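Next up: the structures, one after another.
Look at the two complexes coming up: subunit A is in both, with subunit B in one and subunit C in the other.
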Partner chain A sequence: MNKVQHSTAIYWSAALAVAILAVLPWLSVPYLLVWIFLLAVYLTLAVSYDIVGGYMGYMNLGHSVFFGLGAYTTAILLNEGVHPVLAFGSGVVVAACFGALVSLPIFRLRGAYFSLATFGLISLMGILANNLRNLTGGSGGISTPPGDHGTAAYYLSVVTAIATVFISRQLARSKFGLALFSIREDEEAARAFGTPTTMYKCLALVVSSVPASLIGGIYVWNVTYISPPAVFGLEIALSPIVMAMLGGTGTIAGPVIGVFFLTLVQEFLWTKMPYLHLTMYGIIMVLVGLFMPGGLVRTRLFRAIRERLGIGEKAGYQRGN
Partner chain B sequence: MPDDVIQLLVGGLLLGGIYGLAAFGLSISFGVLNVLNLAHGEFLMLGSLAAYCAFVGLGVNPFLGAVLIIPVFVLIGMGFYHVLLRPISDKPPHQLPVASILVTLGASLAIEDLTAFFWERPITGIAYSLPPLNIGGVVVSSLRLLILLFICALAVVLQIYLKKTFTGKAIRAITQCRDGAKVVGVPIASVSAITFGLAAALAACAGVFYVTLFTVTPVIGIPLTVKYLCVVVLGGMGSLVGSVVGGLILGLAEAMTAYYLGADWSPCAAFILLISILIIRPSGLFGSNG
Partner chain C sequence: MAIILECQNISKAFGGIAALTNINLRVEEGRILGIIGPNGAGKTTLFNVISGALRPTRGKVLFQGREISGLGPDRVCRLGISRTYQLARPFASLTALENVLVGVCFGRNSPPPRNRRVDLAMAELEFVGLAAKADQPAENLTLVEKKHLEIARALGTDPKVILLDEVVSGLTPSETAGIIDTIKAIQRRGITVMMIEHILRVVMELCDSVLVLHFGTQIAHDRPAEVVKDPQVIEAYLGRGERDSVGCRG
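This part shows the complex of A and B:
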């Protein structure tokens, strides 16, 4: 009974949050809009990373490749005069095809090898973006036709972020999600029990590429300029992953909490300090790795809060700490 | 034209020797610690910086520098192990990969960014040269040949160390069977520390040669770690011969790519090699199992 009340309260507060997000553009708070836009971008990336990185246990450090591919495809097509919706769609298709293609060799690696190879994929993409000057504009970057679509991009990004969280939640409760968890726990056993692991791994990578590439397209549509370091750089590659891990991978609440926490920290702390952001990321990563590899949601404090709210992890699905 | 090809071969072999040296460090530290050290390339970068400072500030010859730098980086590597890796080594097996990636990649980023903060301009290499050598009408830089010889000598010393000394045998024992080694009384923690120190020293030593040939910037660490991964995957785990041959293949491939397609494309060579080796032979050229 108590639990039911709690979850009703959660639904009401979620509805309230959506209502506030919906009316914000009319309240003339441009700075807040930009901030929420970036928050939505990071949230989408972190939650979609978690499908492969958290649910399936393959740390895909090259997740931002999909973001960059979506952004570049959209930018190139927008410059050709293609309708934005079609351009976003093409970005998603390109990234998904790339994900399917690359999954074949790259999933032969495990653990840290897999992570390092996917990390190398980012620099490969960066080199391609730098060298294919006719297509991508080289190191000078690429600009898209300007226009006043800040509000539209805001709505799109928020809807994408919410949809990604929803999809991730549904995925965790589906048979597909169960297959991913079983791959994480013991791939050989999963295969022995008849789970088509190769297909599921490929599918998971493709599914996680869709929100990332879509948000990449929306990003470039809004900011109208990207360059190789902006989309294939270290900061965009690592921020969402660090956020997901800080919050706790393999859960729905984890990446969301991590994104809010780290974005707030950036907002209040890092804007005062123009240098050494990567050092900060590095130190946060080391500390999380040393002291709480399960993330914030698996620490004692958060566990207590979660139990009060009744939104605990699905016991059978998630790995305990 | 044959002159070009020979220059290309010497350049590729040299680069390959440097890669092989550092990649072997990565390979043994993975074999013993079961942790892939993503900060390995940073040791090469720091070694290059140290050699550069020693050369410019004190006029230390790079070859002397390469010998001197080994004990220093053995200590640094052991410190790194005790502070960052030892605490996570007793984590349960499902948390170990995540924890190790977080810790080593985080350390790598912090080292890189801090170095870049204090060292803004790229280092344009050490201006150290020896008179060129003329062998049968082909002019070869004698500095490059000497470095190649030095690397070969180091590989031989290393091989003897691994085969003959107690610590070397312990390192190989842990790589082959961790539990078995523990049972017969090999002190895992101290051998791990020594291995890690050795790995760091090999990378730093390779870094000294790297800076005599190429431009060094603080951000070369992570791309280099990716190349070492490629070399280790090429050559198979834990084999010195495999690492050296893998390094030579990568070095030659990069030199060829740079010559025929342009220097912009040479960083792609490592990755294309990695992908093709994974498709054709996932266990590596010399490895028996993945």
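This part shows the complex of A and C:
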């Protein structure tokens, strides 16, 4: 088959996958729905992380702060009787404002210092969540009104995940993406050729905060209970990042593949070694760093597969734009 | 001829080290100015001050009559001054086209509309002879191609003044001749060129005037033929003994 026919095949497969996803709730497979929901959460987080971490080259280890802010804001508002859509929106606004404010000091740091400082933000948020008991319910967590909205949450999460991948793709092919790539490659040179780096760093952080906080709101709406370790803990902080890096940071497909791969592996390992999650992540990161620093999508095997299937677009400015 | 760029009493110190002291310079529009001097004389520091990457400790940089010292490299670029780097530093994993596109999208006086961007970038790649390599990642280019890409990237910002920092270093004589032709073509476009260079043959062939720096001070600023006869210049480059025995150099 030639390349054009391959691309059509891919689009048809994608359409089929979407159709299957759409009808799943009617097929009485509740466990699968839950599993896909979690997949959608991780996918949204990994792809939105990679906008700052991969496209721009600033490893924002504190990305899940947006998730937690979205979740807590939504939970608090849901308990006040606010309509879910409004609650989600407010979560996004809070997270975006936080992102805009924190970008001023945090982007004065580079490299490992930046990553450590952003990682510290998670601890900060966790401590705040634990101590502002009147607002957040403290270490006991916060429960939100239950309801028969599991299916709606499922659809919302899948749509959010797909939309996030779409946004990431459009960004990578645009002038915005070009700015981020230039900052990653050589920030000083980027400035020397006119890129307003301060503005784009802030914008990138804010853009990445939107899907993360939205999926945080949807998450709490669905599971009806969150606590500081659940949304400001190490697991939710590091998993999406490990997935993005395993798959291949700085690419469109990388985080997607990383999420699918690790979630499947996790599913298998969960029954065998339920307590070794974080250990496994650590081992994976070391192995990736040693043998596949570019992630799965940059391995020769993957490139060969891509060649044979005739797919694969590079994250880069598209001439059609 | 209008004065397009002016340095007034520019001094730059890093802590206790005086990298530049009282540089006074007036560059005529459309000319090629060479800047020579031993290593460590402050040539690249001068470029950094002019392009806005460094703020002068004292003094002012004036571009088309208005002060630009301390504006920041991105604003200075948009005003019309762009530069290349001594050690070619393109955006490594981006393609040659994307490298030039960065300048086109962000470095111009007014950003071009979407449908013009690629054309403008390709035009510069064609100008330096890299059109065939437009989709190659910059890190895969040879040294001379990277040097040409540096020039294309700087030209993409539609500059009025271009600062070339040792653009022929590391090149073979034929590659050097190619760059010389490119620089002449740049001048024909009406762009003012300031070039740091070590190879006197290139300086003699291209430059309308030459500035000589030594330990951060300017010791000569004249036509090339005069500069190479200046005793202070000869002493700086060759040592005191040579000063008395060197005649005219070509």
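Everything that follows uses one rule, which is that the second predicted complex is superposed on the first by the 311 of 321 C-alpha atoms of A that agree within 3 Å, B and C clash if a C-alpha of one lies under 4 Å from a C-alpha of the other, contacts with A are read in each partner's own complex, and residues count from 1 in each chain.
Note that contacts are C-beta pairs under 8 Å (C-beta built on N, C-alpha and C of every residue); 3 or more make two chains touch, one makes a residue touch a chain.
Predicted model, so just to flag it, every value in this text is computed and none were measured.
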item	value
Touching partner for A:N131 - first (subunit B), second (subunit C), both, neither	first
Which of subunit B and subunit C A:L238 touches, first, second, both or neither	first
Subunit B versus subunit C as contact partner of A:I106, first or second or both or neither	first
Partner chain in contact with A:G289 - subunit B first, subunit C second, else both or neither	first
Touching partner for A:A179 - first (subunit B), second (subunit C), both, neither	second
Partner chain in contact with A:T195 - subunit B first, subunit C second, else both or neither	second
Partner contacting more residues of subunit A (subunit B vs subunit C)	B
First (subunit B), second (subunit C), both or neither touched by A:G120	first
Doubly contacted subunit A residues - partners subunit C and subunit B	185, 319
Subunit C - residues contacting subunit A, complex	51, 53, 72-74, 77-78, 82-83, 85, 89, 91-95, 97-98, 101-103, 105-108, 114, 117-118, 153-154, 156-157
Subunit A-touching residues of subunit B, taken from the complex the two chains share	35-36, 38, 84, 87-88, 91, 94-95, 97-103, 105-114, 117, 222-223, 225-226, 229-230, 233, 264-265, 267-268, 270-271, 274-275, 278-279, 282, 290
Contact footprint of subunit B on subunit A as seen in their complex	57, 59, 61, 104-106, 108-113, 115-117, 119-121, 123-124, 127-128, 130-131, 185, 234, 238, 245, 249, 275-279, 281-290, 293-294, 319
Residue ranges of subunit A in contact with subunit C within the complex	175, 178-179, 181-182, 185-186, 188-197, 316-317, 319, 321
